[in-house]
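Each structure below is given as structure tokens.
Here chain A shows up in two complexes: once beside chain B, once beside chain C.
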Partner chain A sequence: MFNVDITGEYIAFFIFAVIIIAGAVLMISLEKVVHMVISMAAAFLGLAGMYVLLDAEFVAFVQVLIYAGAVSILMIFGIMMTKHNGEAVETAKPLHETLAAVGALCLFGLLFYSIRTADFQSAGAFDPGQDNTLAIGEQLFTGYIVPFELLSILLTVAFIGAIALAKKEAD
Partner chain B sequence: MLPSYLTMGAILFCIGLYGALAKRNAIIVLLSLELMLNGVNLNLVAFSKYGVIPSLTGQLFSIFTITVAAAEAAIAVAILIALFRARGTVLIDAFNRMRR
Partner chain C sequence: MGAWLNEPLTWGSALILFLWAALFLLIVLGFVTYAIYYERKVIGWMQLRIGPNRVGPLGLFQTVADIFKLLIKEDTIPRKADRLLFIIAPALAFIPSFTVLAVIPYTEKLYFADLNVGLLYYVALSGITTLAMVLGGWASNNKYALLGGMRSAAQMISYEVPLVISIVGVILLSGSLNLRDIVAAQDGGWFWNWNLFPQIIGFIVFFIAAVSELNRTPFDLPEAESELVAGYHVEYSGFRFAFFMLAEYVYVYAIAALTTVLFLGGWHAPAPFLDFVPGIIWFLLKFAFIVFSLFWIRATFPRVRVDQLMSLGWKVLLPVALLNVFLTALYLELFVK
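For the complex of A and B:
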């Protein structure tokens, strides 16, 4: 089950996996909130590399722009707008933390078991096409035009709502 | 390669779940939620290449998910700032009542 042949994709996958897991674990365990956001950005960049491995160049660039760029900066703004003294407060409830860890580990065990025992049929070869962005754009504006327009409405409403929520009251 | 990518997504999801359940700082909880969404996205893109019928649909769905996640992050930070203005803290223990 584990004896995979060492190919270039496998080595690149391993490197990106190390980056992602290191970023995620550091995000959980670091002390200062800003450092947590920075390590999170490293995890997002590793995920973008993994998308390139999966022949999804457009998704990779969207990941870099939206997550590593916009969401990280938004979180840093959130930290700066809400007064932090830099340190994350230690939890006063070790029982709660232990229960959360046990729950997450149980879920991971279940997922790992089902992934290892599942029988994935060998698929046909994936044809990424000449131009990944062009293919995605064609799909987006022909077959998926309704969800695309709904999403644009959702984004507009959400950002107007965010501005209205965060605006200081006049009084 | 498909089980490796799925395991990677499961690891990301579980780390995010632990962070969302155990952390007290609301911004860290939000970051953990983003981590969980990224694990799901990785699954979508992996199935788009290695699934039974490989097609671009998985990548399209992951783009939709990223968009919704961006809207969610913006709304969440706005709510957090409004709550901070009302309560003076971002610890989620303080947010247990709708009215003061």
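For the complex of A and C:
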């Protein structure tokens, strides 16, 4: 059933997978908000490692730059500005938790079963190309130029909107 | 180095790569030790003092003694600090500073990683150190440390934007994010082929933003000792404090090497008849000059105010960097194509 060779890539995959899952689980289960952001940053870094394994180094380092760096710092910045002394401790709800656990296990079983039984078409050898950064750039500025520019306009509008909202509240 | 990097990874080659990394770490530590000594000497001379001259001949062992003192100091962790983050933060600050050095090429043959997106790798990983500084400041549970951490985050985010955009001109000229290709693109024999002259606007923006990223005077607000006691590392002592300082000086190394590679032609000689001097000597000379300039700036400039800092970053450097990208693109479109 588990017919895989133990290669360096396989080991690296498992290390990154453990980082991502541990980060995601800790993100939910930790109590202090700053700790949550750190575990989320760890999950982002693990994802970047996955992209490197997939030969997508441009996406990988953009992931580190934007998510692990900028977004995490921004969130910590926001959190520090607010006071978080009395984090509410939720009362345990046994029935609710049991049902949630059963549901999660069922979902896992379903996904695991369908992935194991699925018949993947072997989709030819993947060609990472010489310079995928160049390829991404060319795609963005030729075939996808309109969506790309629209997206940047959307971000600018959101940015200006946020400033306008914040200004209104400050006045 | 290239031959080893492209071999399949066996235990033997992994050991060789590990030993190279360890040797490189020792070289970097040696650089940091003597950069601190040299900085104190240079600033001393500029202020008509002698500088350290007691420990060893010419004071050469002063930094060694200082580091030894730091290592044997009592390691204190404030009782109300967030223990785990307080311990992690110094390591988290240092690790990216050392890993970014992997992509710097020293000569045509001597480099540690031939990465396709080298420049992006540098910029992305150096952002993690900011996270560590903020965390260190927050975990200390001290208002001065928190203020220092906040300032450092605000400053480093604001200046990372012009820093990255000022490099875009260089990337446009050389058509690659690979630092080796960027140096190769500056090969014309003469010094005016270096990116310094066609990219003079980019270079000025880059250098100002780099000094700011390093948290050095005139932009050392995160550790302004007269306002914040010491900044984000006020609660740190001994070994952990040494790690923060180490990270800062390793970034001096990294920025000086990056400036050399991006703007000063890396290992290329300034004139064709000087080609007989090996490339590594040219690299080291340019590198040493940049490091000296950083100390020079520290000795001669007053600190800027925090509000001036932000408006300089966003209202001056960013538009100038964007203008530089526009001019470079226009030049390439009109004259090169």
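One rule holds for everything that comes next: the second predicted complex is superposed on the first by the 142 of 171 C-alpha atoms of A that agree within 3 Å, B and C clash if a C-alpha of one lies under 4 Å from a C-alpha of the other, contacts with A are read in each partner's own complex, and residues count from 1 in each chain.
To be clear about the criterion, contacts are C-beta pairs under 8 Å (C-beta built on N, C-alpha and C of every residue); 3 or more make two chains touch, one makes a residue touch a chain.
Given the structure is predicted, the values throughout are model-derived calculations rather than measurements.
Overlay on chain A: chain B and chain C fit together in the combined arrangement. Applying the stated contact rule after C-alpha superposition, one finds that A:35 touches chain C and leaves chain B untouched. By the touch criterion stated above, A:133 is placed in contact with chain C alone, chain B being left untouched.
When the shared chain is aligned, chain C comes close enough to touch A:8, but chain B does not.
Of the two partner chains placed by superposition, only chain B is touched by A:27; chain C is not. In the superposition on chain A, A:160 contacts neither chain B nor chain C.
Counting the residues of chain A that each partner touches, chain B and chain C differ, and the larger count belongs to B. In the superposition on chain A, A:120 makes contact with chain B only, while chain C stays out of contact range.
By the document's definition of touching, both partners, chain B and chain C, reach A:58.
In the superposed pair of complexes, A:145 makes contact with neither chain B nor chain C.
Of the two partner chains, neither chain B nor chain C is touched by A:18.
Here chain B and chain C sit at a least CA-CA distance of 15 Å once the structures share a frame through chain A. Overlaid on A, the two complexes show chain B and chain C touching the same residues of chain A, namely 58, 62, 70, 74, 77, 132. Per the touch definition, chain C reaches chain A in the complex via residues 9, 82, 84-85, 115-117, 120-121, 123-125, 127-128, 130-131, 134-135, 138, 146, 150, 153-154, 157, 177. Only residues 1-8, 10-19, 21-25, 27-28, 30-32, 34-35, 38, 41-42, 45-46, 48-54, 56-57, 59-60, 62-64, 66-75, 77-82, 84-85, 90-91 of chain B touch chain A when the two sit together in their complex. Across the complex, chain A meets chain B through its residues 4, 9-10, 13, 17, 20-21, 24-25, 27-28, 33, 36-37, 40, 43-44, 47, 50-51, 54-56, 58-59, 62-63, 66-67, 70-71, 74-75, 77-79, 81-84, 88-89, 91, 96-97, 100-101, 103-105, 107-108, 111-112, 115-116, 118, 120-121, 123-127, 129, 132, 135-136, 139-140, 144, 147, 151, 154-155, 158-159, 161-163, 165-166, 168.
Remark: chain A residues 8, 32, 34-35, 38, 41, 57-58, 61-62, 64-65, 68-70, 72-74, 76-77, 80, 131-133 touch chain C in the complex.
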